[in-house]
């Protein structure tokens, strides 16, 4: 088995705050990230796909098909947006943890349908100092 | 003469759009960057300071003083904020070009007052693919 | 389960040599790293913490608490120091392998006490070409 | 157990095409990578070696021995070459997946012979956006 | 005046050798880079454009127009190619120095025609250790 | 004219303190960098050489000759050393500013003797956040 990791980037804005919490609680938990008008990041997304090498092509996966999935399901939805506006984050705070989980759920099945590989791990690089991984149960 | 370059980072959101322009014009000029609720970046700021080496300390500038200036005048103002909310961008679109100029104007004089060095260049790293420099007239 | 990785940096000096070995043996095993007055590195530390997402906050761990642990137990002790002076390295050579293990031992329990996450892996980035991981038994 | 990861780089050229396929099929599967006169990359190779810390030296492996193995078996063979000329790729297309597997096969046994560590993972960094891992069965 | 720097990447192959030189001379001057079947790189191209900020848009240059120029004149021509096949390198060895000059000549005038900015510098990043700049006369 | 920039790295230790100053003054000026047993860095050195392209070779400079100069005059002297032990720093504090100047003085003439290029700039990358340039008078 080989794994292939492919990187994507998109800028987006978010606010970390819960409307059902008092101001002081939001400030205590989320600090400056709770500023109401939002701030933003250049998110890096690293998708790791695992599978056998196709003996005909020498590849685990056709990278163009993965790129198409990411464009349609991730970039068109999140790039240059305010994450809090997405239906996904109506009830969940758009932390990088929740974003990683959401991307994993969005892509796991479509990746499987492209062939013999499966989505092994989704990494969200929020800043150069902070990354978050949603992988297979270990 | 030696130059010293020191790097800082802060996340912020911005929208590129002019309220006095029709929607179509904003979309044509700024593309996805005109999305009204904003998107964001992890801005890198690289300050280059030029001057002679102080023979007593072996330094061009006390880096703690530069850090203090940046904390007070740049990070406290822009970090974890929506740039469009700043008075500076009431009439100017918060492009990286205008941000670089604004930071240069904000820091040039205070840097000079710290000793014998002067602010040589302000670089704004908007994304790993795009940087903007506001330097001395060349 | 999600993992969160957070990066820290500190400069330090070290010497790789055993006082109970003859000079030639130290030179053979450690090469230039055995130079008696030491050399140094900008160590990168990448801590990976694993756990469930807290449904209230959308987070695996409060990053401020992790930062406080690292400041108190790692940076205050090793940053801008000669590693060989630390009691930890009285009998062990301060290789990156031993440093990774030491940091793991120092942080594993306190991380567990901050909530439902546990310390999954400690990575020491000694140089851009060399990294060392002290993880869970696999 | 500790793992040590060590990075190497070499430039090489390759062409992704199968001589037994019609032109159109090569273009469909490999796109611009099928251009007959080749293109190239600066390949990064990251070798991860796992084992116990030797209590005498504080090390998992003598890095000079790993460097010697890589020079003799990998760099002398692939650096500044056209990968398709290598006997290894007479019947397999020189994709990064096949290159990762080939390096793993070439180094696994010699690494074991250097002491108590074993080759845990071979990563090929084809471009900053694409990496490929040939690891232990998971 | 502000400068904007924008980065592009493309993989390509090249051989450094002069057909009119004896083998030994090519080996002496170009070393392993003279291997006849070529090797390759992931070239980074960093274009720096200088000009006043357009008060209407807050920009020095429309980045989409620069991207279009680079796609048509640089990437379509060099990406995934053997540089030695290009008419440009019929009589000049495709060193990074000559590539930087060629790109500067190819883009200088078209950049000027896009508005009030001019092409200030062309940087070719051949490897992470080697960059080459073709700038304005200083 | 073209400039070529080539990067080197070496680890070293240093202490920033003046023996003729009272302890409190050293602590005030140099902070934790004054710790008497030293700390260290992985110094990056970026040498920029400027000159015309040699029409015979397509190069500004033979990179092997530059590498040899750096090995003999810089790496053999500073790599894996305590900088304060060098005669150069008997009377000057080994700040990055003074190190950049020293390297410039050490290499300027030998570079000129290798051909038609001259040493244009010496950059010392002390940490990823701090760089220092000793260039030509501007």
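In order of appearance the chains are A, B, C, D, E and F, and numbering begins at 1 in each one.
In this section, a residue touches a chain if its C-beta (ideal position, glycine included) is under 8 Å from a C-beta of that chain, and two chains touch if they have at least 3 such contacts.
Note that this is a predicted model, so its numbers are computed, not measured.
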(message) I need the common contact partners of subunit C and subunit D, sorted by label.
(response) A
(message) Using only Cα atoms to place each chain's centre, name the chain farthest from subunit E.
(response) C
(message) Farthest chain from subunit B, going by mean C-alpha coordinates, please.
(response) D
(request) Sort out for me whether D-E or E-F is joined by the greater number of C-beta contact pairs. (result) D-E
(request) Quick one: superpose subunit B on subunit F by CA and send over the rotation angle as a multiple of 5°. (result) 120
(message) With centres defined as the mean C-alpha position, give me the subunit A-subunit B separation in Å.
(response) 29
(request) Provide the C-alpha centroid distance between subunit C and subunit E, rounded to the nearest whole angstrom. (result) 42
(request) Indicate the residues of subunit E shared as contacts by at least two other chains. (result) 128
(request) Between the chains shown, work out who touches whom and classify the graph as line, ring, star, complete or other. (result) other
(request) Quick one: which bits of subunit C touch subunit A in the complex? Just the residue numbers, please. (result) 1-7, 53, 57-60, 62-64
(request) Report the residues of subunit F in contact with subunit C in the complex, numbered from low to high. (result) 9, 11-14, 32-33, 35, 37-42, 79-82, 85, 127-128
(request) Spell out the residues on subunit F that touch subunit B in their complex, using ranges where they run on. (result) 16, 29, 31, 92-95, 97-98, 100-101, 128-135, 137-138
